[in-house]
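Okay, so chain A shows up in both of these, paired with chain B first and chain C after.
== the complex of A and B ==
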C-alpha cells in the first residue's frame, strides 16, 4: 500500500472502511431530544400523577380522594362518557366521508391528484379556530343552513342548530376530515393494482372488489386515521366550546374550568389523567383489534 | 357456442349495473365530501369581504372595510398575532434542531429499543394536549418558574418536534446509505458528510415537517391556555374570545388573512420542498 487509506486511519481500525457499516457512532445525537422529551413530556405527566394523588398543591399527603370524587360525584363520569362517545361518533362520520375521497383520489390522474391533495391539506393547515368559526357562520340563526331550510320550506322560523350535539359531530367531522383521508390515501396507494384487476377480471364485481380486496387491505390506514381523529376530536376544546356551547360540557373544557377557573389543581390533574388513560387504552384496544383484523385480511 | 353468446350480454348487463352504480355512488359521495371539506373555508373567506356588519352568507355587498378595521384599530389582535408568530418561529426552530438531531441518531439503529423510542417521541401527537398543558404548568410551578413567553415556547416545542421528526425520519429511510458510506470511505468527516451529502437530500423532508410544525404552533390553544401570561395572549385564543363574546366581522377578516397566508405558504412550500410528497 503506497498511499495510506485515510478512512482506515481516521476510523482507527485495520479493517477496510468500506466493509464497516458505521465508522462513526451517531446514536448520541438522539440525546438532546430525549432529554427534552423527559423534561417537558414525561416529567409533566409524572407531575399530573403526583399532584392528583396529593391533598392539595401545598399539602403532599397521599390520597385517592380526587379519583374517588371523579368516579362518584355523578357529574364527571358522564362528561368522560360523553367525550368518548363524541370521539367515536366523529370518527365514524369522518370515516364515511373520507373513504370515498380517498377512492376518488386513488382513481384520479396525477394532475388531478395534485389538485386534490392541495384541497385536502389546505384545511388541515388552516387554523382550527378559523374552521370552527366557519361553522358558526353556517349554523347560526341567519346562517347558510337556516337560509337553505327556509328556502326549501322545511322550516318557517330559524332553527337552533348551533349548540346541539349533532351539529358538533358534523363540524368536528369536517374539521378532522384531512386527518383521516391522508392515512387512507397512503394505504390505498400501497395496494398492488393488479389485485383489483385480478378480482375484476375474475368476476368479483366493483362492489365485491371494494368489500373483499380494497377495504381489508387499506385497514392499516383506516386504523391510523380513526386513532388520529378520535384523539383530536376528544381534545378539540375550541370546537367543543364554540359549536357545542356552554351547556354541552366535554373533558377539555372541564379540565380548564377545574384547573384555571376553580384552581382545583389536584382534581384537574385527576380528570386529565382519566382522559389520558381512557384515550390511550382505546388507542391500544383499536391497535390490537386492528393488528388482528389486518392479519386476518392478509391471511 | 350459443350458450356463450347468450351468457355474455347478461353478464355484461349485470357488470354494467355493478360498474355504473359503483362509479356513480362513490363519485357522488366523494364529490359531496370534497365539497364539505372545502366549503367552510371558502365561506369564511367570502364572508370576510362583506360590507355589512353582520356575519351573513352570502354577503349583501363586498368591501375591504373589515380588513382595514383589523389592521388599523385592533391593536390587541395584531399584538396577539405577533406573539403567536414569535412563539411559532422559536418553537419550530428549537423543534427542528431537536428533531433532526434525534432522527439522525435513531436512523442508524434498528433495535427494538430504537423502535420504542421512536413511537414514544411521537406520543405528544396522540396525548390530549390539554393534559400535557396542565402537566407543564404544574411542572413549571414546581420549578418555581413563572409562565412567560419562554415557557410558552417550550410548551409549543413539545408538539412541534414530532412533526419534524416524522418527516425527517421518512426522508432518511429513503436515503441510499451507500451515498453516505461513499462519502465516509472517501475520507469525509461526519460533519462534511452531513452538510454535503445527507442534508441536501433530506432538506425537503425537514422543511415540510418544520412548516407543518409552524402551522400547528400557530394554531395551538390547549397548551397556550395554561402557559401564557396576561401579556402573551396568542392569536387563536384572542379569536376564540372574539367569536364567543362579540362575534364581530374582524374575526372573519383575521381568518381571511390566515387562510390566504396558508394558501400562499403552501404553494411556496410545494415549490421549495415538495410539501405534498412529505405529508403522507
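== the complex of A and C ==
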C-alpha cells in the first residue's frame, strides 16, 4: 500500500498519471524473468522433489524413506548443522572485517574511493580456485603462517592449520569479503551526512553516533551482505574441499558424493531439499528480523 | 578438483548437484568431433599430448577431452541415456563392472578394433564391451627426504613415528577402496569381510595428517609437505618425482596391486565408428609405447611394447603385469555406497 506512494515521492516527478494509464507495458517486461525462473528454478526444484520421493531410480513407488534416513541416520543432521554453523561463523567474521572497510571507504576522498573500490573488487576478478589455493600456500605445514610462527619462536613444530574448521572460516571470510563490503558501502552512502553531523554537534560522540545513527541506518546493507555471504559460504564446495580437506564433510560435498559417486539420486535429492529449506528458513528469519530492526531504526 | 565445476556463488546448482548431471547431456558439440573422458592429472596430460594428436592424425577428427572420475562419468551417462554426454569413457574395473547392469555400453567387435589382436587375453574384456588400455600399479608412497629407509609393508603407515604424517583418501575412488581391501586382507579379512580394514583405519586416525578429497589431491599433498607417507599409483608418483618433488614409490611385501583401466564406446553415441577408432588408436603400439615411457609411465597392455626403466622394476612384460594382485570388484560393487557411508562415519568429522 505504501510502496507505490513512496515510489512516486522518490521519483520526485509529476508524472504518476502517465505511468498509471498504461500499466501493462511495464508488467510485460517481467515476463522473460518469470519464464526463465519457472523453467530453470521452479521446474528443477519440482523434479528434485519428485526424485526425492521415489524409491530408487528404477522403482518409482512413492516413499518418504529418504527423508526419514536424513533425519535418523545420525550423520546427515550433524552435517547440516555444521554447514549452517559454518555459514553463521563466516557471516559474522566477514561482517566484523567488512564494516570498518566500508566506513573507511565512506570517509575517503573520491580519489581514494576509486583506489579502495578497486582493491575491494579485486578478489572477485580472480577465480575462486586461485584465491583458495593461496590459502593452501599460507596455511600449509610448510606454508607462510607456519614459517612465520617458527621464525618468531612461537612454535617449535609446524602447527596444523590447514584442514581445520577455523582455517576454513578465515579463508571463506576473505573470499566472500566483497559480497559483504559492497552492500554496506551502498547502504552507508545513502545516509544523509547531516544526520551524523547533527549527532556529533549535539554531543553524541563518535562511538555513540556510530552505534546509534550510522549502524542502524546501514542495517539494510548489513542484512543483504549477511544473506549473500551466508548462502555462498554454505555452498562454496571448492573452498570446502581445498581448505577443509577430505575430512570435514559439509552439505555440498555430501550431496555431490551421494549423487555422483554413490549414485543414490533420491537420497541426494532429499539432502538437497533439506539444505534448501534450511537455508531458506534462515534467510526468511534474518530478513524478518532485519525488517523489524530497520523499522525500529527509522521510527 | 577440476570436477568441481559449479560456480561458487551459484547456490542453486550447488544445492541441486544432481541437476548438473541432468544438464550435461544437452551440451552442443561440433560435427566430426568426439567427446572422450579422461582422468585428471597425468592421464589428462598424456591423453592430450599423445593419444589425441595420434587420433586426429589417423582420422582427421577432433577430440574434446573431459576430465571426469569413473563413477561420475557413469552417473552422467545414466542421466541422459538417449543423448549421452560422452562418446568414449575411461573407467576403472570396479565402476565398469558395476555399470554393466545399466546397459550403457555399445558392443565393440574385434573387427572394429584391430589392435585388440595385440592385447593379451587377461587384458581383453570377456563381455565384449571395451578394452583395457592400461593398468595402474598401487604401491606405498613416501617422501625419501624424510623417510630414509624405504617402507616395505602397508603396516608401516601405522608406525608411531608417522604421527600426523599419513595421507589417505576416501572410498569413492578405486584407489582408496583397493587400499582398504589390502589392509583388510593383512588383518585376516577379504573383499567380502572389510570389517578388519575399517578397524585398522580407525586405529590409523591419530597418524592421519590429511584426508584428500580425491586421488589427484592425495599426490599433491607431498608437494605441499603436508604428508610423508601414503599410498598411490606409480603413474601418479613418477611424473611428480621427475619434476623434482620429494616423492618415491615402494613395493609392499604383500605385492603390487593392479587396477585395470578400460575404455568403452557408449550406447546411443552418434559417432560409433570414430569412437571405436579412438580406442583402436589408444591400443596402438605407437601410442601405448609413448604413454608407457617417461614421465607418465602408464603401463602398456599392448604385447609389442617392451617394459622399460621404472615399469620394468614392477613387471618384466605385460603378461607378468597381468598376474599382479587383482581386487575382486564383483564382491565390492554391491556394497560400494555402504562403504562410502561407513567411511563418512568413521573418518569424517
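Methods note: the second predicted complex is superposed on the first by the 266 of 299 C-alpha atoms of A that agree within 3 Å, B and C clash if a C-alpha of one lies under 4 Å from a C-alpha of the other, contacts with A are read in each partner's own complex, and residues count from 1 in each chain.
Rule of thumb we're sticking to: a contact is a pair of C-beta atoms (placed from the backbone, for glycine too) under 8 Å apart; a residue touches a chain by one contact, two chains touch by 3 or more.
None of the values given here were measured: they were computed from a predicted structure.
Asks: After lining up the shared chain so the two structures overlap, which partner does A:75 touch, if you call chain B first and chain C second: first, second, both or neither?
Replies: second
Asks: State whether A:41 touches chain B only (first), chain C only (second), both chains, or neither.
Replies: Touch partners of A:41: chain B and chain C.
Asks: Based on the superposed arrangement, let me know which partner A:141 touches: chain B (first), chain C (second), both, or neither?
Replies: second
Asks: Between chain B (first) and chain C (second), which does A:162 come into contact with in this model arrangement: first, second, both, or neither?
Replies: In the superposed model, A:162 contacts chain C only, not chain B.
Asks: If you stack the two complexes on chain A, which partner ends up touching A:241: first (chain B), second (chain C), both, or neither?
Replies: So A:241 meets both chain B and chain C here.
Asks: Which touches a greater number of chain A residues, chain B or chain C?
Replies: Of chain B and chain C, the partner in contact with more residues of chain A is B.
Asks: After the superposition on A, what does A:32 contact: first (chain B), second (chain C), both or neither?
Replies: Touch partner of A:32: chain B, not chain C.
Asks: For A:182 in the superposed arrangement: first (chain B), second (chain C), both or neither?
Replies: The answer is first: A:182 touches chain B but not chain C.
Asks: Please work out whether A:272 is in contact with chain B alone, chain C alone, both, or neither, and reply first, second, both or neither.
Replies: both
Asks: In the superposed arrangement, does A:262 touch chain B (first), chain C (second), both or neither?
Replies: Touch partner of A:262: chain C, not chain B.
Asks: Give me the intersection of chain A's contacts with chain B and its contacts with chain C, in residue numbers.
Replies: Touching chain B and chain C on chain A: residues 41, 44-45, 47-48, 51, 57, 128-129, 136, 140, 142-143, 231, 234-235, 237-238, 241-242, 251-252, 255-256, 259-260, 265, 268-269, 272, 275-276, 279.
Asks: What part of chain A is in contact with chain B in the complex they form?
Replies: 6-7, 10, 17-18, 21-34, 36-37, 40-41, 43-45, 47-48, 51, 57, 97-98, 100-101, 103-104, 114, 116-123, 125-138, 140, 142-144, 147, 174, 177-178, 182-183, 185-186, 203, 205-207, 210, 227-228, 231, 234-235, 237-238, 241-242, 251-252, 255-256, 259-260, 265, 268-269, 272-273, 275-276, 279-280, 283
Asks: With touch defined as at the start, can you tell me which chain C residues reach chain A in the complex?
Replies: 1, 4, 6-12, 14-19, 21-22, 69, 71-72, 74-76, 78, 164, 169-170, 172, 208-214, 217, 224-226, 336-337, 340-341, 344-345, 347-349
Asks: Considering only the defined contacts, which chain A positions touch chain C in the complex?
Replies: Answer in residue numbers: 41, 44-45, 47-48, 51, 57, 75, 128-129, 136, 140-143, 160, 162-163, 175, 179, 231-232, 234-239, 241-242, 245-249, 251-257, 259-265, 268-269, 272, 275-276, 279.
Asks: Under the definition above, what is the set of chain B residues touching chain A in their complex?
Replies: 11, 15, 18-19, 21-23, 26-27, 29-31, 33-34, 36-38, 40-41, 43-44, 47, 54-57, 97-99, 101-102, 104-109, 117, 120-121, 123-132, 134-139, 141-142, 154-155, 157-158, 161, 165, 181, 184-187, 189-190, 212, 215, 218-219, 221-222, 225-226, 236, 239-240, 243-244, 247, 251-252, 255, 258-259, 262-263, 265-266, 270, 275-276, 279-280
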